[in-house]
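Next come two complexes, and both contain chain A; in the first it sits with chain B, in the second with chain C.
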Partner chain A sequence: MISIRNVSHSIDHTPILHDVSLDIPRGGITALIGPNGAGKSTLLSLVARLAALTTGEISVDTLKIGQCKDRDLAKVLAIMPQSTQVSSRLTIRDLVGFGRYPWHQGHPGPEDREKVEETLTRFGLEPLAHRFLDEISGGQKQRAFAAMAYAQSTPYLLLDEPLNNLDIAASRSLMRLLRDMAEEDGKTILIVLHDINYAAAFADRLVVMKEGRIVADGKPEKVVSAKLLYDVFGTDAPVCMMDERPVVLV
Partner chain B sequence: MLRKRFLILGTLLALSVVGYMTLGAVGSWSFLIPFRASKLAALALVSVCLAVSTVLFQTITANRILTPSVMGFDALYVFILTAIVHSFGAAGYAAIPAPLLFVMNLVLMTGMGLVLFSLLIKGGRGDILKMVLTGIVLGILIRALTGFLQRMIDPSEFQTIQSVSFARFTYVDKLNLAMAAIVALPALVMAWRMRHRLDVIALGPVAATGLGEAPRRGQRQALVLICLLTASATALAGPMSSGGAGPSSFFGLIVAALAHMITPSYKHSVLLPSAAMLACITLIGGQTVMERVLHLSTPLAVVIEVLGGITFLILLLKRRMA
Partner chain C sequence: MRRLTLLLGLALVAVLALLSLFIGAIPLDPRTLFSDPEAARLILISRLPRTLAAILSGGALAVTGQVMQILARNRFIEPVTAGAGQSAALGILLVTLFLPGAPIWAKMAIASLTTLVGSIGLLALIRPLPPTQPLLVPLVALVYGGIIGAVVTFVAYQGDMTQFIGTWLSGELSGVLRGRYEMLWIAGLAAAATWIIADRITLLGLGASTARSLGVNVARITALGVAAISVVTAMTVVTVGAIPFIGLVIPNLTARLLGDNLRRTLPVSALFGAALVLAADILGRVIRMPFEVPVSATVGVVGAALFLYLLYREPRHAA
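After this line comes the complex of A and B, so read on.
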């Protein structure tokens, strides 16, 4: 379980998060949604220890963020970076291989290589394995990064707006992959999403944030409503139900 | 492919070393061999230190343009020298025993270098051009401060500074060489042991954190190594950018760029040895060819400076267009 307790956070004296508490039990996809500046990415980056935690406590299973060893946490919690955040000239196989780093510290054994090959097959990346990251499409890149996070073999996976700059086909296929990881591998996925429709279609649970606080939390069909869109996002978009999933008409 | 290229590099390196030791020998071998060997050791130590520190620096700052020397690490050496002469006088300076002076240089350069580089990394995070600019401006600032101090001291004391602030490979003090080696060799070993962590840090802060490699800690550790390596090389051979017989301020830049070109890899287990070998080939081989084969009196530094300036511009422009 990821447990967030009374977390407050300021950036340059501007308060971003106000006393946020949230529990994410094992299993399923939890999506953090909310308008720009609601603090969802900040909350995620605190869980990911990308920003230093100042007030409150966050723990992942038995590991306390800020106190446990980075190396131990990396075996439990994976972060899927944005492709723009990675600079080195790597092949896809190299990149996926890095996912094993927390387990071998630079000296991969046969089981690490096996895991990399298995991951490449599972993500359909084998034909591209020798290609460099700057030679493939944005969708393929995101898929490779998802594969890297998968190869890390952690029960938890964090993603910050992975659909940025992806077209509809790439976005759906990435969300489908995450869905598979949650269902088949039992991974717990925490994801920040911009698009409510993707969140409603693929997540098991939505956590809605506004101005640094959690304002709604629950299953998509319970949470997404015209009233929420008006109250939280300040827009009067109609919402209708399709296949028991809410859809925002834009 | 890499194996073959390393073989070629190894052969070139061996040729350079043999050429340096044997070509143009005048006088008895029993004098020549130890005399040249200590110079060779100094050249090799300086080459490897500068190559490794440049590669480390470029990895932790995620850039291929800036190096410790381009930023003015050498200027720091002249600044410290000037400050010492300014506060103790030329006689006081001359009275400082050589080992103590060496240690003072090393400590002050490492300390000030750490402050300088931390400022740079903090100020230019993620923005290469801003970082290059900050680095160059800081370099100019140090040089200006040095110039200011030099104008305030006695002209005869100024002479003292002049005579010691040139890179020198004509005479190598064995004690200095030993002290530089005592500092540099463990630092090199530690840099080598960091190689896998550096690979991860090069992925960027988000990916590195996710993989359990806190980038800030790695950066700090690498910075200490960079400062120790550059400081011991400079304390041994003098600053590189002031002419004389030493390599120029673009030396690290050239060998790192060549290493990326000749042995393209994200792995520091490839880049570090390749840059180190290229550095030795450039400095030792270059010195041999210039002095003993072509009999040119032009210092090697001038050639490196010209080529380095061009490399710097190309890297900067390529970056701009990409």
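After this line comes the complex of A and C, so read on.
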């Protein structure tokens, strides 16, 4: 379980998070949604110890963020950061292989190689395995980084807006892969999403944030409503139900 | 591909090393090597040390150039011209002025220390620069190196030592003799040691967050990388003088050919760097025999041509 207790956070004296508490039990996909600047990515990077925790407590299973070793946490929790400009020329196979680093510390064994090949197949990256990162499209790159996080074989997987710059086909196929991982591998996935419809369609639980606070939390059909869109996002959009799932008409 | 380049590099270094042993102002016939004691002496005292100096400095500079480019996250930078080289010269100058009686290891340690400070200063200076403007980094580095170079010139002028700074600021191998180049082995060792942390440096190239989330101790690996850069730069500058371009051109060449997985590319870079310095030094010896052109000048010409070629060549199967 990821347990977030009374976490507050400021960046350059600007408060970003106000006394946030949240429990994410094992299993399923939890989506963090909310308008820009709500603190979703900050919360995610605090859980992934990529930003220093100052106020409050976060623990992942038995590991306490801020006290546990980076190397130990790397075997429990993987994060795919918001797409950054990576200028490294690594082949896709090498990149995915580096996802195994916490386990082999630079000396990959047969099981590491096996995992890399399995990951490449699962993510449909085999035909691109020998290509360099700067020779593939933005969507393929996102997929490669998601594959790298998957190869890390951690029970918890954090993703920060993985659908940025992806077209509809790539977005849906990535979300389906995540769905598979949650259902088949029992992974616990915490994902920051921009698009409420994707969140409602693929997540088991939505956590809605606004101005550094959690304002709604629950199953998509309970959370997504025209009122929420108006209160949280400040926009008038009708919501209708299709196949028992809420759909925002944009 | 990688095995091929590795073999090519080895063959190049072997052939050029042989040439380097037998080409020079004093003619030397390989057939008399074992009969003529004078010939053997020439090899042992001058030609072999000179050849080893070229291999060690070239290999080490290429390797640390590659590490520097990853730490700075910029491909247009190399330590020797970006302030580290000048800081090494400043260190050895200050030591010569104020502690002339210090033992050689102490002088080297102080030069390494000033180089370390110079390198850290540069990394701190370029950190806030926006990654969207990749050319700002080499520009800032150029100005930074220029300022430290100016300080070196000023101190040398005040201390009446201007004739010395040339030997540090422009690399030359003609003065290399047995007993006067051995510090370069330390440079070679420091460069070789980066191989141990090659994976972790490669991960730093993916960004500090990615590296950290894979359990890499970012601060420690950065510090080790900067230390290796500083030791190599200081040892080369003090022993043979600054050799520019190696740390810029060779890493770009290997990255283009083989990518940025340092575990694979560092040995290739080392071989190519050694080959380039050897070739440039041989060229400097034959270009107007029996006089010599300093290796920093020939490397500059060859390196600039190579770099322009790399810049203008179409990238292979670009997306």
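Here, the second predicted complex is superposed on the first by the 247 of 250 C-alpha atoms of A that agree within 3 Å, B and C clash if a C-alpha of one lies under 4 Å from a C-alpha of the other, contacts with A are read in each partner's own complex, and residues count from 1 in each chain.
Please note the rule applied: a contact is a pair of C-beta atoms (placed from the backbone, for glycine too) under 8 Å apart; a residue touches a chain by one contact, two chains touch by 3 or more.
What you see is a predicted model; the values in this text were computed from it and never measured.
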item	value
Side-by-side fit of chain B and chain C on chain A, or clash	clash
Touching partner for A:Ser137 - first (chain B), second (chain C), both, neither	second
Contacts of A:Leu17 with chain B and chain C, given as first, second, both or neither	neither
Contacts of A:Val232 with chain B and chain C, given as first, second, both or neither	neither
Chain B versus chain C as contact partner of A:Ala78, first or second or both or neither	both
Contacts of A:Asp70 with chain B and chain C, given as first, second, both or neither	both
Common ground on chain A, meaning residues reached by chain C in one complex and by chain B in the other	48-50, 69-75, 77-79, 81, 85-90, 94, 98-99, 101-102, 106, 152
Chain C to chain A touching residues, read off their complex	73, 75, 131-132, 199-200, 202-203, 205-207, 209-210, 212-217, 255-256, 259-261, 263, 315-319
Contact footprint of chain B on chain A as seen in their complex	48-50, 69-75, 77-82, 85-90, 94, 98-99, 101-102, 105-107, 148-149, 152, 158
Parts of chain B lying in touch with chain A, wherever the complex brings them together	62, 195-197, 199-200, 202-207, 209-214, 264, 266
Parts of chain A lying in touch with chain C, wherever the complex brings them together	45, 48-50, 69-75, 77-79, 81, 84-91, 94-95, 98-99, 101-102, 106, 131-132, 134-137, 152
